[in-house]
Amino acid sequence: MSRLSVELPGLHLKNPVMPASGCFGFGREYSQFFDLDILGAIMIKATTPEPRFGNPTPRVAETSSGMLNAIGLQNPGLEKVISEELAWLSRYDVPIIANVAGSQIDDYVKVASEISKAGNVKALELNISCPNVKEGGIAFGTVPEVAKEVTKAVKEVSSVPVYVKLSPNVSNIVDMAKAVEDGGADGLTMINTLVGMRLDLKTGKPILSNRTGGLSGPAIKPVALRMIYEVSQQVSIPIIGMGGIATAEDVIEFFYAGASAVAVGTANFVDPFVCPTIIEELPKLLDELGFDHISECTGRSWKQNETVTNNRS
Amino acid sequence: MSRLSVELPGLHLKNPVMPASGCFGFGREYSQFFDLDILGAIMIKATTPEPRFGNPTPRVAETSSGMLNAIGLQNPGLEKVISEELAWLSRYDVPIIANVAGSQIDDYVKVASEISKAGNVKALELNISCPNVKEGGIAFGTVPEVAKEVTKAVKEVSSVPVYVKLSPNVSNIVDMAKAVEDGGADGLTMINTLVGMRLDLKTGKPILSNRTGGLSGPAIKPVALRMIYEVSQQVSIPIIGMGGIATAEDVIEFFYAGASAVAVGTANFVDPFVCPTIIEELPKLLDELGFDHISECTGRSWKQNETVTNNRS
Amino acid sequence: MIKKERMKVLNHKELAPSIFELTLQGELVSEMNQPGQFVQVKTTEGTEPLLRRPISISSYNSSEKQFTMIYRAEGKGTTLLSQRKEAEAVDILGPLGNGFPVHEAKQGETALLVGGGVGVPPLYQLSQMLVAKGVTVIHVLGFQTKSAIFYEKEFSELGDTYIATVDGSYGTKGFVTTVIDNLEQEFATIFSCGPTPMLRALEAGYREKKLFLSLEERMGCGIGACFACVCHTGDDPTGFSYKKVCSDGPVFRAGEVVL
Amino acid sequence: MIKKERMKVLNHKELAPSIFELTLQGELVSEMNQPGQFVQVKTTEGTEPLLRRPISISSYNSSEKQFTMIYRAEGKGTTLLSQRKEAEAVDILGPLGNGFPVHEAKQGETALLVGGGVGVPPLYQLSQMLVAKGVTVIHVLGFQTKSAIFYEKEFSELGDTYIATVDGSYGTKGFVTTVIDNLEQEFATIFSCGPTPMLRALEAGYREKKLFLSLEERMGCGIGACFACVCHTGDDPTGFSYKKVCSDGPVFRAGEVVL
């Protein structure tokens, strides 16, 4: 399986496939379905300093080939995440990427400094892009200077490499990426959800109690690909790509755009076996496409110098 | 049918349903399928001062519940649009909304001043948001000050009310809307397409020759609804909503969010009869939902004072 | 254990306008051991609609490896599901959640089963299991109108069955509570499933009984991973403690969670 | 006139691996009057995949109100289409575009029909119509490999038929041009349909003949409204003049448009 292995800052991945934050809890539920050890890594649910209940329900709504969520960063808080969730996960031989969230820089700093010390946490994912939290959250993800500042602050305290998760709800994604690279980010994860909404036909009111929510699933895949394509050509740090991935073909498309690894979010809800299935399919697909190693696919859409056989017929 | 009639600046609409710009050509093709007179209005294809060939093919790609296009504003140029297309359309009793595009302010001014004099053009739609044109195009749609300036310039020369078409590819849609309202816009049309991309699995290259393209169709509906919801509460000019509309239910959802009329784009390609079908279905749906007039639906999601019966059961 | 399986359609019929009864066959049935659990149904082979639909198990037969669900075809997903024909396969994830605690009703006691609309189905398996262990059952079932009624005969064979219709076109006019308020029989335990207003009314009126409620909530995963379906707990109604309807419920004891 | 109709599946079978022949029945057939036109097929009832798929009409029978298409099930849409069963309905928009000009080949003349892969189907109706008016036809059909070949017998019954396979597993090894270069027969007109490289090779090698090419392009609307499928014209290869493959084509005279 070494043709799937990927080396990224802090992360020795058996394969480039990992569940996306918030779509896999802390792994317990999915451990009923398969051995978590087969995963490249696990991005755990956003952790804030204090416990959070999140938004009132309804918290999800469906859209064409997508879904909206407004969970609102519900989590048991830093202390319990470390003592209960990460402790439980330590039985698995799989690197954990801890998703760090908050409402102000201090929150990020606090969570980052402590959670990065947990032995199985190999990298942080700075969630500066959650659309479902009123205070702060989204400003960190849309103003380059603010994003840079929080990245810097977290870098200073983190014991492990820091990946910054970019929001797609911006006019210029490259500016955001460069700002966090400047701030010292070791990598990027992208994209978080697009802000969207559905209305109830009968009541006329928003379906989500939070009114708006984050759009994920296949519907956003083209936006994710475009942003990764643009950003990967302008930064020198690696990208973990996500947004609508559900098949091995999708994974390759994200690599072509410029990703070096990928995360699978919403698709876990549709098929709890989606990650193992993709991991199993990838080598066959590499054979079909004539690649020895998956890393050959990264950035193929914009790399000029390689001879690409155009199979169009 | 007067329960569907809508009055907007410059526009006396028999009903609030019109084909969206670029998705209906100049009406000729669809006139084989139905009498164009039944439409509320027609938004014609973008017009630039000079003829344009547009981008090389492939110009479209498919995505989950959506499509990407990179037509590149192909059009026969201002002169021919007026002498041939608008002249041909004048046989119909339907208001025309002319979509005005260009690469610099002068282009917009030139097209606006001339095309607004054509008798059947009842309003302009300022396309400051086309994602498929390299020079200029997109900056007009993402920087509030620039958007305001072009709006002002066009308002000065236009003989008919001016609607500005907003791009969804921005960090803050309300700022954009307020800027063009400040610039004198009589109304807004929203949303244009999201920028997206697809890669070819075999070649690794972008499917579109222009690499990126504009994402339209049901996939973007939740983003359109959210933006209309946000903007309609912050401006006092009316909104013509669009983005993924394919059914009468979709129309009502856009009204709830804050739209006063709607445009149907991509759905015309799937079903050339979609506009007449929606127009036929709307009165029945109003009956079911208990509305006398469609305008009662506008902004229902955020209007507080009305008694809304929650039919949840 | 939760399984994912492409199960075979044995029977699919319309019981009442837009109300369908679907019987599926497969190995997954051997995991069912409680009335009131549910499954997550993939209503199409493709990705549109995207999410699975939670539907209760209305009855199951382990030896035949069959189970039945009854659902209303209303939106996109359930309408597509209703087009599945015999011998086709349907992708099912289940069984999910914790059902009704049959052991809470003792032999010789009387239990009241209260259902509203498409909340009625899971009570059927429950009723059968209660009767089998010697519990006397009374059913109070609420529907919108006469034509929407289903399974009246099936329930009647198990115990006294009262119907309420909102428009009064059949049985008692009004809600299930109208019927219950006028019931002459005594009962120790109530098991109920239906719209939230109905559950709230029961909770308000029958606090003193042993009352079990099956909740509905919009779901993402259905297995406890996404936190879409949480509710506050009764002992900490505004705090951080929570229960997930999908994996801690859908059946809760009254007061356990905030409705 | 272009119509939209839910047409009935009369027959649907796999001719070769992943190559399907689908015969539909409906009123729309009465609008067909030219070989080489196409239809836009909605491959599912829902919205995913969203766009219609352009597929050529391979033959039609006006009196029986039937037409046949032959397609490769490869991507999302065509794979879904391949699952449609007899008696089901398929949503068709058509007939679309301008087909092959049968009148360009005169009685007593010889016409060469050149097809590649799924470009072969529309030549079948063309060949029948040419033969009916007394034109001698020669077919040169290119496929990837032996197992991918279809309709060899059908074409052979109409005229000389040569097959080329890329891997040489049947007929001549190589491309259709390999066969044509070695043909002994004379011919006045070429009608062709297939991948763009094949059309380019024909245009380069057989300029002096009357040559008609059927083009493929990614389409949005299929009716001329969206400008997805335009190409430059031969007399203004970098200017503003254009032709739309969907409504001006898909068949063009060589040189009319830039390939």
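In this document, chain identifiers A, B, C and D correspond to the written order of the chains, with residue numbering beginning at 1 in each.
To be clear about the criterion, a contact is a pair of C-beta atoms (placed from the backbone, for glycine too) under 8 Å apart; a residue touches a chain by one contact, two chains touch by 3 or more.
Values in this document were obtained by computation on a predicted structure and should not be read as measured data.
The interface with the largest number of contacting C-beta pairs joins chains A-B.
Farthest chain from subunit D (centres taken as the mean of C-alpha atoms): C.
Taking each chain's centre as the average of its CA atoms, subunit A and subunit D sit 45 Å apart. Here the spacing of subunit B and subunit D, counted between their Cα centres, is 36 Å. Shown for subunit C are the residues in touch with two or more other chains, namely 47-48, 76.
Multi-chain contact residues of subunit B, defined as those touching 2 or more other chains: 63-66, 217-218, 312.
Of all residues in subunit C, those touching subunit B in their complex are 47-48, 117, 144, 195-197. Within the complex, the subunit B residues that touch subunit D are 22-25, 28-30, 32-33, 45, 51-54, 57-67, 69, 71, 74, 76-77, 207, 217-218, 246, 266, 268-273. Interface of subunit B with subunit A (complex): residues 63-66, 68, 142-143, 169-172, 194-199, 201-206, 211-212, 215, 217-223, 225-226, 229, 244, 249, 252-253, 256-257, 289, 297, 300-301, 308-312. On the subunit C side of its complex with subunit A, the touching residues are 1-2, 4, 42, 47-52, 76, 93, 217-232, 239-240, 242, 247. By the touch criterion stated above, subunit A contacts subunit D in their complex at residues 64-65, 312-313.
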